[in-house]
Amino acid sequence: MTRLKWTLFGLAVLAVLFGPLVAPHPATAPIGPPFAPPGTAGLLGTDQLGRDVFSRLLHGGAPMLLTSALAALIGSGAGVTAGLFTALASSGRRWVEAIFLRPLDLLAAVPPILVLLLVLTALPNRAGIVLAVALSSVPLSARITRAAAEQVIGRAHVEVALARGESWAWLLGREILPLVASTVLADLGIRFVAAVYLVAAAGFLGLGTSASDWGLLIVEALPGAALQPWALLAPVAGIALVAVTANLASDALARRSRGVLG
Amino acid sequence: MTALVEVRDLRLLAGGRPVLAGVDLVLAEGESVGLVGASGSGKTTLALAVLGHLRSGVRHGGGRVSVRGKDMLPTPAPGVRGGTIGYVGQDPGASLNPYARISSILLSAAGPTPRAARAGRVRDLLGRVGLPREDAFARRYPHQLSGGQQQRVVLAAALAREPRLLVLDEPTTALDLVAKAEVLREIRRQTETGVALLWVSHDLSTVRELVDRVVVLDAGKVTEDRSAVEVTAAPAVPVTRAAAREEDRAIVLSGRSLAASFGERAILSDVDFDLHRGACLAVLGVSGVGKSTLARCLAGLHRPKSGSVLLHGTALAPGVRGRSTAERAAIALVAQNPAEALHPRQDVRTALSRPLRRLRGITSRSAQDIEVTRLLEAVRLPSALASRLPGELSGGQRQRVALARALAADPEVLICDEVTSALDTATQAGVLDLLAELRAELGVAVLLITHDPWVAASASDSVLVLASGRAVASGPTAGLLPVGEDPEKLVTRLLVSPITEGVLPA
Amino acid sequence: GAFLNACGTSIPASGPVRHTVPSVARSGGVLRAVFTGGGAAESLDPFGSGSPVDFVRGDVVFDSLFTLSGGEVVPALATGIEVGPGATSFVLTLREGVKWHDGSPFTADDVAYSFRFMSSPERAYPSQLSAYFDFDKLQIRDPFTLVVPARRPVGDPALFLAAFPGKMVKNGATFTGATAIGTGAYQVTVFEAGRESRLKRFDGHWSGKAPADELVLLSLSDPQAKVNAVVTGQADYAGDIPFITGKAGVAGNDFEVRTAGEENRTAYGWVLNTTRKPFDDPRARKAVRLAISRRALVDTVLLGYGVPGNDLLCAGAKYFTPRDVPARDLDQARKLVKESGADATEIVIRTAEWEIGYNASTQLLVEQLKEAGLKVRADIVSPPEFFEPNAVGAANAVAFSSGAVPLAVIYGRLAAYPPLALKDDGFTAAFGRAIGSADEAERAKAWKDAQEIMYDRGNTVVWGQADVLSLARKAVAGITVRDQAKYPYLGKAGLA
Amino acid sequence: MIRSLPGRLSAGAVLLALLTFVVYVGVDLLPGDPVTSRLGPSTPPERIAELRHHLGLDRPVLARYGEWVAGLFRGDLGISASGRPVTEMLSDRVGNSALLAAMAVLLLAPLSLVLGLWAAWRRGRPADRVVSTGMLLLVSVPEFVVAGALVLLFAVSLRMFPAVSLLPVGASPLAYPEVLVLPVLSLLLVGLAYAVRVIRASACAVLASPHVEFLRLGGASGSTVLRRAVVPTVLPVAAQVWLVTGVAFVGGAVLVEKVFGYPGIGELLVVSVQSGDLPVVQALVLILGAAMLAALVLADLAVVLLTPRLRTGTR
């Protein structure tokens, strides 16, 4: 079972990373009439500009994965760190909360799409998208992690480690994180999908980075869904597949480290 | 008498090793049986099996367990748990739901109770285990109780449904003599009304007092099964009192008018003490008096409200973050609750090598491994345990791993919070021996927190007695705890001054 | 599963039809029509908002001095216009007996107020008329005659008054409430921005009673939602629907997809920036025109709903010169690219989804130009920044579209902004004559010359003329077009 | 901690003040402005300058910010680029959006709790796999696709609910509950996944803890374990998710509102962003931000109230 999961996950990653090499057509060139059904032109038919949906799918995987996964990882990572840190440091020190969590509240209060627009105005490239998406996922990740960590902090082994003078890295990463891992991973899985669509939204607003990002494929295919459903369903299924396999893999990873909790 | 519990050729495996290797045990209605054996011999595993529960990682390898003729493995017969059998586990702190008040824990254990009768029922249960019969107390949450109070709440919950059999796994380890006496009295009352008892303990005196029959486990096998009177008297605790006079030696750690509180509630006030190099100071006091709180203040985990902690005459920062590595290495704490003291996802090797690296700068893997083996040997654990996770250890084993971890820092002062309470007499003696050795050879000073005057008498050279949050007596052990004084009297004389519960009014 | 099934159940209706069989609406009934709305920014002020539903509502509530019909100017609230000497002023004669919705008479004072009102910067969408006429210096001769001076020679002011926004509002009107007073065929009874407006027939309208008793105009922003509203019976008519709906058809045979006809198509294309390399060189402009495959663009972007364009704007309008559609000639295009050195610079084409199809056509254009050896990149931006003047000036080309409005409107707009204007002395001269001449024949000649130059070496690339589609219940009749088919006139509409 | 509530509230007020600044200046920095987007590039520069002056866009940002803030105190959100007062444009839309979000959250909370607990209870078994994977699949499908599918199925094919939420003028959506069904359902499906996953994860952690083992050994029934041990532990985390999701629904329903033509603020936000109507964008972002801040304070409060160790004031 686990092996199957890993194989699936590996295949998905391979397809995404090496897709452009095996794609039959370029991502942007029209190869047939628009909205051609599968079979008549290309494996999955063509999109609204007559471009090969299958090839665009293969081309768009890597930028989608890189941008979204990176953004989700950075955002979740920063959020988890902030959440763990404040949970640990704020006992008896209210300023820690004031300094670390309140700004995050402020960030959370600015709608993600505005964050995206602002960051991209300053940094109009892929790094900007990654940063913007990461920024918008930090606050909630931090909160969720903090709430979960609060329940673990008082345990004696954390106190012993504190008394030993452990570094923050050890305290957060080794003493607390493993005990809140299941919550954090659940959060990360969703962050990833959210990142995919925020990146797509950026593409929709004319701020995209790749010509065939999967999220953008969906947005573009939507109006023509009645004519060529495959152009819509294929990227949706692709994202679902990546999301499900990535989450299964991380679940398996979490279960592998034995222990009393989850 | 009909058989209440019947265990036949029970084999349980954990990680490929047998934990129980063909155990037979029959318990008749109303019969009291003591289950003894060295730490790690399988007592807890057997007790849980009686309830039809296997800890995670433990597999059923054959044999059967039945209660009143109904099989308990693989799935327990309905109505047995909580109904026929009341259970108290070895780790009281971890057993309590942190989100429930004491009253609600007790009421949910008691089953449906008419609204009007609830408060009375809770008070009754608290009283039976020697806890204050106050509504204010019942409204507290588990984290607001001391270790001993938690343990008694768990016991009260087990009694709540008038079970026919009590399976009690070391239910008095965290209790001082007064509390223990009260608890034992309640249990005796239960057995007298025909409740059967499976009493897991290493404390032979309680065993003799309570049970008709003793079953001895060794490495997962029953080696003896005979009537209680035949069991030899407890081996005397070896007296290892150090010969040297402490006045000759330098003061390592001292407390000056320490006071501590939880929010508004004052716990300690005006505590003074001096701990000399190589000496052992026993801190004695009833459950809930603030012993653990004192230990946490010394280790920098609880900010004292006032007063100071001095190491070699210099005041230490109140918080551990403010202390230097050397200062932190100098004071090592062995926490009271072994279940929570070890990280559930870290194996023993990691737990031990971490202080080696942090506080002693031993970074090479091979050097660490040698030290880990040495430390495990020092606490009398096989080195094979190094790769296990805490969940795969017995209660006593965990306790010793926690001790070994404290020793790994090579401390000048070792604060031991009830380190011996979860250990059988032989292991307990071994640990006390070890402490004596450390003191003699390395000059380590030991602050021994205990509720057991015998342990204090046998291991310390001076005693600090806490009552109602103050040091009510202090001085050389020989003077305060004369060998041979009746323990009950001793306790009454020393500890049970004005407020029994030991908590200052909220 | 359900999604696919539901897709599969829609039975395509017959292809777009031009006119329904009775084309005249009977009197009575309620017509519910849905258009793209402007959300909460919608307004009853005819110069206060710019969404399609506002235009449609404005057209039936207010009247202009002149209107267009089949490209020709027809009198409305004005009955005559007399151009002064040198075309520097005109005398306007108003229709007598026109009543406002509140019963008061329409006079020159109202017109004078309206002119000032529409050109005030307080209007969100001030009329461009004030760029040509000096309303501050206007004189009222009598209640039905005014003299209006022009800022520059304007030979055919009636056309300008018909083509540019010029709705007449009552003297002193402010438009802060939920009702508005006009002279139009319908009067407002209920209005809520972004949701709906209910209009009651105004029986005192000067051109006679409108057919439907009540018009309900609904606002939606999503094209598919407009279609769904008609399909599920929540509306009778949806204006300007996507080509995809035409292609996919709609379920049920009670509906039809209609087209506004050949003379009401929308031109799609790009304007090349002649102030920058490489399009300062006519050969590079020619190369672009030869490199594009108009058929492919029409088939893909318009899904076949339209015809290839001949690079000239305003097809269907008066003075438009029909010319052949240039054929694709890649070899020639490559040669011109080489000669002009256009392959040396990266060409940036600015686009935004200002209208459906801008981005798609630009993306295709990029692919097609690459084949001609050009280095091209589409710069897709968001709609509000699309027209940022500096950015437009920095791009090599911008996407563009226009309805079948008079030539003066579009060429005038382009000429006003150097990066969009054609830098060509011959063209500038011909354009000046076309605007300023009061003589019909001379104007026609000047427009012909200007378009000749445009066709030969101009900077507009019009690849297609797109049909304007709408979805209607078969019973809907009497929908007419005045200027742009996207915003039809509903004053004669109703149920058959 | 409860005693620190006034402190928390004043911190919230400070944040709100900061937020107004971030919002005003941030939105002002966005590319595009109402003048050029409306007039197009062909307008003469004097004309643009005149309009900019009229709209006050030629004055320094800080001066405009000052006036804006002063206006906020009078309940005046400024004048839209279309000339209408922003307050008037927003009035009933804010209510409509809040209603939509509230309905969605009211359904979301119990549903996510039940699904999350159920999956955790049966963790590792088929039921859990179905729920967990199903949630992932659901969250992988963007909301506008979900909404579109719902319209096709329930409105166009089955004719059970209206396809678009066309409301008569002046009517509250509550008077026409049928127009709410599909939009609420779309939001619910989209928001459900996150809540279910987080709830499941934290419920799994509790179920594996020693105190649950003790409860079970004490003969507690499944429902007792859930009620006494699992739900109290899960609630603090769940409350955060619910509240934050709820606010996200208010402003994040953009696409859903668009699909259904629902007269809420999401649609207004998009239109205003696209037309560069900065005063409206500023007002909307401020309202959304303030709602989010309020939700976060509430969430903090909920966590404190629901976690005994925090409530009792000591650690």
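The first chain written gets the first letter, and so on, giving A, B, C and D; residue counts start at 1 in each chain.
The definition used in the following text is that a residue touches a chain if its C-beta (ideal position, glycine included) is under 8 Å from a C-beta of that chain, and two chains touch if they have at least 3 such contacts.
Because the structure is predicted, anything quoted here is derived from the model rather than measured.
Of all chains in the assembly, those touching chain A and also chain C are D.
Ranking A-B and C-D by contacting C-beta pairs places C-D first.
Farthest chain from chain C (centres taken as the mean of C-alpha atoms): B. One finds 50 Å separating the Cα centroids of chain B and chain D.
Distance from the chain B centre to the chain C centre is 86 Å, each centre being the mean of its Cα atoms. Averaged C-alpha coordinates put the centre of chain C at 38 Å from the centre of chain D.
Along chain B, residues 56, 98, 143 each make contact with two or more other chains. Within chain D, contacts with two or more other chains are made by residues 30-31, 145, 148, 208-210, 233, 273, 307, 309. In chain A, the residues that touch at least two other chains are 92, 151, 154, 179, 225, 260-261.
All chain pairs that count as touching, in label order, are A-B, A-C, A-D, B-D, C-D.
Residues 2-3, 5-7, 9-10, 38-41, 43, 45, 48-50, 121-126, 128, 131, 190-196, 198, 218-222, 224-225, 228-229, 231-232, 234-235, 251, 381-389, 392-393, 413-417, 419-420 of chain C are the ones touching chain D in the complex. Those residues of chain D that touch chain B in the shared complex are 208-220, 224, 228-229, 232-233, 307-309, 312-314. Interface of chain D with chain A (complex): residues 4, 7, 11, 15, 18-19, 22-23, 26-27, 29-31, 132-133, 136-137, 139-142, 144-145, 148, 193-194, 197-198, 200-202, 204-205, 208-210, 233, 236-237, 240-241, 244, 251-252, 254, 269, 273, 285, 288-290, 292-293, 296, 299, 303, 307, 309-310, 315. Those residues of chain D lying in contact with chain C across their complex are 30-34, 36-45, 47-48, 50-51, 53-54, 80-84, 89-90, 93, 145, 148-149, 151-153, 155-157, 159, 162-164, 166-170, 258-261, 263, 267-268, 270-277, 280. Residues 28-30, 33-35, 48-50, 205-208, 223-227, 229, 233 of chain A are the ones touching chain C in the complex.
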